[in-house]
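Letters are used for the chains, namely A, B and C, taken in the order the chains are written, and counting of residues starts over at 1 for each.
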């Protein structure tokens, strides 16, 4: 990859982020409903309102406010929460850790579940060169595919509710709602996140398994696969060395999308498992019209999404020499 | 349209027909009044009067689930009408004519689509406020780019095929080419995407309502029922289960149908 | 060396087409046998049966394919893997798609060694460079590092040949190996195959629908029509004195200078 290409991507990255933060700012500036009245209550005196408005900078014209906001945002000052009256940065710090841990854990689960199972299912779905598939083998494959399709159709919050019921209430592997902050006990913090992460990971893994299988079957009929067999490659060798590399390209793009969906999906799962993360804060701030917080969270998640897409592009370029820019 | 000789469509249609007929029946008749409170029968176990038991107010869970399916399906259908309707028009025009308008619309669509739709929907709702109609509008608008993209992709692909060129040579006007020559060939892809879009709409509506930002009481919806039922998961697990299973069946049916539609390209 | 006895292959789909019908064919060590026939005559199925690559789940097969005394059709998949590449090398029709697009050409050429021998990587590389030299790929060291999409069709086919002969197989099956190439590359590849045959003594089964190409390369010709071998004798005999009606028509279809003169 050339410097020019990297610069171009970084340029697109910066522009996208700028557009997003601008839109976020404008959106929350034109909303009907005045945060000041909300903060001070209906009975606040006229002077107090004016005072508060100038304190928050709301009396200035919108473009002045925008540039001021952008300037401080870039320097890491995300403003002050309306409802908690503390800097957004302080409010967010441990919430970001919680949500990031949850998302990453869920993503690791997706990889750990979908890669081996996807490979296994693909391996036995490829028309075997050993001979015709036995009816038993066919039945297993059909059953696995059907189960996969069903798991794919379960929304993560329902997986969460089922897991809460089975593992939390019946088997008592964890206590629903007994979240421990990282600062309290890191081990207990991660232990509590296991089941929420699993709830996000299960349906997602099913989707990835399906994609891997489809992609592998699509590649398995290629001429180069026949060539690899003609050189004397065994089933697993050809699958792992030849087919997988080609089949992974769409999977990698999907995984990047998955990770950003997981970050957004954690908003819901945090609600199911009562985890005080970024998602819960976002929901709370939306109903409190605490726009500095909402803005910051939206821009943070947006940045994560954009970075992930960039990363997926770079990885695909690395794997596929045909689109590699030399 | 070529239909694969497989079990996908068969089971997809059966499941979907089952769930949708329950929803349609639910518009006219439910076993009990979904909002009638029977305070002497709170948390009743399944019985002949209340086939799925009652909730914390003593309301019939089955009736509420049936009503919820209908509400969720309605939101999804109207979302699709907005998203697909506008997306079809934009995709048709940009796909057929191309040019800088196409480029601009598709690039901005890319940016919108790169974001998890649930996040955008939340931002949208935080601006417009909650409620059934706002959810429909928010989701409908958010679905436009992806539909427009699919329609455009098909139009770009088909417009370069030989039979379209020959139709042009024979003097067919743009409208005729778009509607008579290109659109019918795009139908399998569009139908498949419509099924996927329906699922996304169901999922999004259920998520929003679960978070309390979608359909508001007294209106019912499957997501709402799930969040209502969660506090009583231990005492009345069938409450959450019945609402959840309804969502799963709804999504499963359409995803099987979308699997069963074979695209001409993959032949 | 290779002896096919009463081989029949039938597709098990609803049409039950018999792709190969009661075929018997022998190939001696170092021989250059041409197998000619129109599309759908069963040539490729025959070649796939020899290498054990035929689609097992959709076909029924009977007869024997003896390679140095072992029946390939009865081999386990492990035995087949040992045979393929090591004893039987294959070159296919599509040079554009027959190489893995994501793997360096050199790695694909030496892969046969990696699968069958314990040759250390540095030695493998040397052997690959030698093989590339012998198939006349330009600048082997540079080409080794290239990806398939950076090579021309003819070069890719040379790379395929290099990977097919690197483990010194006894038999090289070239299935329409020159069909997709332009005329110049085609004739170069034919000359190359002839040289490889002379140098390494590897027997070549050259499958083509083009009788004129076979005439240049092969010393024996088998003609296949509708799943059956209708003619099998030396190239000279086939061309001078074709016995079968179909062969006669095939020969008549070859454009020659004489005919052109007569036509104009």
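Things to note:
The definition used in the following text is that contacts are C-beta pairs under 8 Å (C-beta built on N, C-alpha and C of every residue); 3 or more make two chains touch, one makes a residue touch a chain.
Quick caveat: nothing in here was measured; it's all calculated off a predicted structure.
Closest to the protein's overall CA centre, chain by chain, comes A. With respect to chain B, maximal separation of chain centres occurs for C (centres as means of Cα atoms). Our note on geometry: chain B versus chain C, Cα centroid distance of 54 Å, whole angstroms. If each chain is reduced to the centroid of its CA atoms, chain A and chain B end up 22 Å from each other. Of all residues in chain B, those touching chain A in their complex are 111, 114-116, 118-119, 122-123, 125-127, 199, 203, 206-207, 210-213, 223, 226-227, 230, 233-234, 237, 240, 244, 247-248, 251-252, 255-256, 259. If you check the complex, the residues on chain C that touch chain A are 51-53, 55-58, 76-78, 80-86, 88-90, 92, 94, 97-103, 108, 111-112, 115-116, 147, 149, 160, 163-164. On the side of chain A, the complex with chain B involves touching residues 16, 19-20, 24, 27-28, 31, 149-150, 152-155, 157-158, 161-162, 164-165, 169, 260-261, 263-265, 267-268, 271-272, 282-283, 286, 289, 294, 298, 301-302, 305-306, 309. Touching chain C in their complex are the following residues of chain A: 127-133, 222-224, 226-235, 237, 242, 245-246, 319-322.
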